[in-house]
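Okay, so chain A shows up in both of these, paired with chain B first and chain C after.
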Partner chain A sequence: MPTDVERWKSEIYGNEIREHLYRFAESGWESIPDDESDAWFERFKWWGLYQQRNGQESYFMMRIGTPNGVLEPGQTEVVADIAKEYASGPAENPEFGDTYVDWTTRQSIQLHWLKLEDIPEIFEKLESNGLSAQQACGDSWRNIVGNPMAGKAPEFVDALPVIHELNDRFKGNEDHSNLPRKWKVSVTGAPDGSGQGDINDLAFEPAFKEIDGEEVRGFNVAVGGGLSRNEPRIARQIDVFTRPENAADVAAGISALFREHGDRENRYNARIKFLMDEWGPEKFRRVLQEDFVDFELETAGEDLREQYTYNAGGEEHGDLIGVHEQRDDKYYVGLNVLVGRMGADDTAELARVADTYGSGEVRISQRQNVIITDVPEENLDALLDEPLLENYSPDPHPFMRGSVACTGTEFCSLSIVETKNRQVRFARWLKQNVELPDGVEDFHIHLSGCTASCAQPQIADVSLRGMKTRKNGEAVEALDIGLGGGLGENPHFAEWVGQRVPVDEVPGAIKNLLATFEDQREGSETFREFIARQDEDELENLIEPEETSYEDPMMHNTKLTWYPYAENDSMDASPAPTDGDGNPLAPADD
Partner chain B sequence: MSLSLLSPPSPSSLQSLSPSSLCRRRDGTTAFTMLSRGQRYRFAVDKDKTQAPDMLPMPDRLLSVTAYTTLDLLDGEAEAHEFTESAYAVVNATAPRKQPDHVKLEVELDSTQLEQLTPHADRIRLTPEEARTLAADLEKYAEKVDAYLADES
Partner chain C sequence: MSVALRILDDGAWLSVNDQRRVSVSELWRVDDPDFCDCDLVDFIAEGFTAVSADGRDVAVTTYGQCIACGKKGVPGKLPVGRIRNGAYRGYDREHMIMRPMSGRTDE
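And then the complex of A and B:
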């Protein structure tokens, strides 16, 4: 028996959802029949729309997919304008105000508090400026990621043309629009591992191979990476090399294989990582060759994994923050956006600064940061003097640049704890109160609200994941703590060593952890090496929760509020559902 | 073989130590712990990293925990003939998405609180009728507990 989602998808899915979306936008949120709402909200994801959580049910999050995180000149301003016009709700966030833009770990953009009635206008504004929310969510090709500076920073092989070709070929492509599950693709040309290919369903990573006596640069292909559902997997090499010009054909074969062989009966088992578990790379390659491509696949070339430094545990940041030289003698300036959230006014200012000193282009990184590109050397000083950079630093403190957080209970239906504002408080407290050991400049702390892992906690030095515990007789928000995750030549997922640490004791636990690291460190070993040499007991002993001067105002169960920061946060006080003007459709409590 | 002290840096009385079991560390070296006057001392025994196989990773939770999980903060207990262990627990009631032909009841105790028991989750399959029987009993006893607590207060 197919799942409900598969049944809904078999009826209406892909491009055709749009006409229904417009129909409901015209007739209003309340016109969606109750018994069809689950089906429609599932389908709307394909067009980048997620219904916000319980208590905010007539509001939507929109994800805008920007291939490789590239915002062409003018597009950042469009995003800021749309945010200012449409993305404010009935309550303010105390840290970020009433309107803001989220830069995501998959180099996309998320806006919140959108009303269904406004979606057609927003789509038209996006699309007339070359932007789109198509397939940003749902069971199809998601936003393609890579090193955000592809095409401008040094690369072994040019990735951006391949990313554009894949995006053009697979966005809106009826043959690939209804896959068994989401399909995340990374294409990297840089030799440092910065495309995070290992955690994607399909990864193209730089490689070279001698073919007909000539050294050819291209990509090795890996399949089946991903972090979700407590089942993290590193993508597995399938012994395939492709020239850049053939990458789209190889990708089409693999995507079609997934379409035909992925598990449509169990969404928990649907990602291709589970098919890879079942088949192994040899069978995967054989089936791909026999049934899904009509050319001879090349065997794998020599990869560059030995050179991978990005998030490899060493002291090389790899996050592209700061001032760096481009291939064309111009410069790019990476700015730290704490937890990836930027006020809409600041986003407009970012657009202005990028336009004034660079080409107007802005790029989004997989660490939720932004990069201003194409800055001539003579403009650098003036750019670095801009007031915007006081809040979005090109030289941030390690605890600031290392922080990543997902959406959390503020909006998300899955999360069980507050995340973004909490991670801001954590980072500020740690910066004020904790010294990093000598030479440690790169220290990643990722906070995810649940096991879905949107903040990619398993590849951080310190991984935080939402949980609950009891403290002084009260149920309070808590975090599981993992240690020692990262990518590089030999990626390693975090070890989950602490469970249910009350949120107000987590900063103390991190402080104590770093003190122990400093105390027991052997020579100049990295934090990841330090964690790697601990046995199970030792690892558990590294977690010493402690109350400190850190205070957490959101200890209570925020998922039970309609909005954690509302003056009256009880579910009964929710104004939702609301109409197209934001007025409640029914009494708040009847 | 070299012997190096791992922690704490300055042992006060080594003569009265008694060794605990040897354990393999994550980088392939071997370590052991000694206890003296309530203080744990850790020693690394062998720095040869090339011989030992990789350590198994620390166990992650087996059950996903999201806002859809039925109950994420419960007091649990596991009883065996030789021991009883208490830990926080997660309980989830659901039906499989693939062929939802039974109700699934899942229980997992927090692994970091377990000394004896291997980290695991338990899963019970219930027919709809069995699930309703269980629900009815839960309701019945919930009312009994409600009544008792009302009397108490």
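And then the complex of A and C:
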């Protein structure tokens, strides 16, 4: 039997949701019929809108999909303007103020505290500037990711034209707008593995093949990667090579296969990774060839995986932070945005700096950072002297550089713990109190509030995932700790070895872990190599939680607050739901 | 009067008549000697996979773990509230002891 979500999707989904969204925006939050709100909020996701969690009911998060993370000249300023005009919350975040922009691990943008009544104006401002929230969430083609410097940094094959073609073809495409579940695609042209294809539903990765006596550069195709729900998978090669000009046709076939064969009766089993589990790559390729493409698929070419250095466990950052040369002799400057959150005023300043010293273009990385592009050499010194770079450094401390965090209980229904502010506190404490072993410049700590894994914890050196425990009899927020994850030629997901560590003991656990690593390290062994040679018992012994000078003000159940940083954080004090001006409406019956 | 029960957002919460009623991350005391060796399971709800109306009780099939011993699994259907005259009333889950109604599976 189809799920309620599938039933709602079969009635109204895709582009047509927009007219209803506008209708409700026009007549106000209260006009959404009480017995239809689940259906509408599920549908609104397709247009990039996610209802915020319990206690914040009439507020929305909006995700803006920027293909490959590219913000064209002028667009960053538009995002900052929209944030300032519409995304100010009723309470302040102690680290980030009341208005901010989140850069995400899938090279998108998230704004919070938006009101339904403002959505049409926001869409108009976005779309008149070439931006869109279409399909940023929901069961369809999500934002396409890759190496954020595609087209400007060295590549084996040009990825950006393919990304644009896929985006143009599959956004708003009725044949592909209602898939069984989300559909995440990565296209990488760089030879270093920096598009993170392995953790996407569909990955195009650089490869070459001799065809008719000629070496052709293109992509090998992999399917079924993903990290969510305690079921992480590396995408599997399906023995298909495609020329860049045919990539969209191959993608259309695979997307259609997913549309027809994905599980619509059980959303927990709907992602294509589960179909790949069931079929295996050989059957997948056979069905694709027989039923979903009308041309002969090429067998796989030679890949470049041996060259993959991005997050491969070595000392090459690969995160594009710092000053780097482009193909055209200009430079790009990657700036570290701690946990991906930037105040709206700073975002406006970023736009100004990018416009003053570069072309105005800004790019978003999969490590939640931003990159200013097209900087002539003669502008570099002045750019590096800008005050903005004091807070968003091109040369950050490794603990700042390596920090990634998801949204957490501040706004998200799924999360179990507070995340972004906590990871900021962790990073600051570690920077002040922990020495990294010699030569360790790259150390990734990813904090995800739940198993949805939006912070991609399984591919970090230290993986943190939200949990609960009791401490002195009191329920407190806690974290599971995983070790040794990463990508590269041979990707490896973190081993979960520390369970339910109270959050105030996690920085001490990391400090002790690094001390043990330094003590037991063999030669210049990397952290990932060190973890890889430990057996199960040894791994568990590496986790030694300890109270330290670190203090955590959010030990309590932040999910039970309407907003964890509000002066009065009890659910009863929530202003939601509100009208279009932010005034509280009468409370609903309970 | 029919009542709409559904699990939404990847098992993040239980909706009753289009209102969010129970969310993951709650801690429950569960009397289920078969789940783990603890006197009472100190259970964290990590994800809901199904909901049913069992008599008057609204019960959720819930994946989670005992935060005392670490045992993971699904301790059967757990009652979280009841329907009376078409209206939902949540139990005081923080202070009650839950007893699974059926269908335990371990990990």
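Assume the second predicted complex is superposed on the first by the 586 of 590 C-alpha atoms of A that agree within 3 Å, B and C clash if a C-alpha of one lies under 4 Å from a C-alpha of the other, contacts with A are read in each partner's own complex, and residues count from 1 in each chain.
To be clear about the criterion, a contact is a pair of C-beta atoms (placed from the backbone, for glycine too) under 8 Å apart; a residue touches a chain by one contact, two chains touch by 3 or more.
Since the structure is predicted, the reported quantities are computational estimates derived from the model, not experimental observations.
Engineer: Put the two structures on top of each other at chain A: do chain B and chain C fit, or clash?
Structural biologist: Taken together on chain A, chain C would clash with chain B, as the superposition shows.
Engineer: For A:Cys450, using the defined touch cut-off, is the partner it touches chain B, chain C, both, or neither? Pick first, second, both or neither.
Structural biologist: both
Engineer: Just checking: does A:Leu414 make contact with chain B only, chain C only, both, or neither of them? Give me first, second, both or neither.
Structural biologist: Both partners.
Engineer: Just to be sure I read the superposition right, which of the two partners does A:Asp34 touch: chain B = first, chain C = second, or both, or neither?
Structural biologist: A:Asp34 sits against chain C, while chain B stays out of touch.
Engineer: Would you check which partner chain A:Tyr268 touches, where first means chain B only, second means chain C only, and both and neither mean what they say?
Structural biologist: In the superposition, A:Tyr268 touches chain B and chain C alike.
Engineer: Have a look at where A:Glu42 lands relative to chain B and chain C in the superposition and call it first, second, both or neither.
Structural biologist: So A:Glu42 only meets chain C here.
Engineer: Residues of chain A touched by chain B versus by chain C: which partner has the larger set?
Structural biologist: Counting contacted residues of chain A, the larger count belongs to B.
Engineer: Output check: A:Arg533 vs chain B and chain C. Expected answer is one of first, second, both, neither. What do you get?
Structural biologist: Touch partner of A:Arg533: chain B, not chain C.
Engineer: For A:Glu489 in the superposed arrangement: first (chain B), second (chain C), both or neither?
Structural biologist: Neither partner.
Engineer: Starting from the residues of chain A touching chain B, keep only those that also touch chain C in the other complex, and list them.
Structural biologist: Touching chain B and chain C on chain A: residues 4, 53, 229, 267-268, 409, 413-416, 450-452, 466-470, 475, 499-500, 559.
Engineer: Quick one: which bits of chain B touch chain A in the complex? Just the residue numbers, please.
Structural biologist: That would be residues 6-7, 9, 23-27, 29, 31, 33, 40, 42, 55, 57-69, 72-73, 88, 96-100, 110-113 of chain B.
Engineer: With touch defined as at the start, can you tell me which chain A residues reach chain B in the complex?
Structural biologist: Answer in residue numbers: 1, 3-4, 53, 229-230, 263, 265-269, 409, 412-416, 450-452, 466-470, 475, 480, 482, 493, 495-500, 519-520, 529, 531-541, 559.
Engineer: Which residues, counting only chain A, touch chain C once they are in their complex?
Structural biologist: 4-5, 34-38, 42, 53-54, 57, 228-229, 267-268, 409, 413-417, 450-452, 466-470, 475, 478, 499-500, 557, 559, 588
Engineer: Where on chain C is chain A touching in the complex?
Structural biologist: For chain C paired with chain A, touching residues are 4, 6, 8-13, 15, 17-20, 23-25, 27, 42, 44, 46-47, 49, 67-68, 70.
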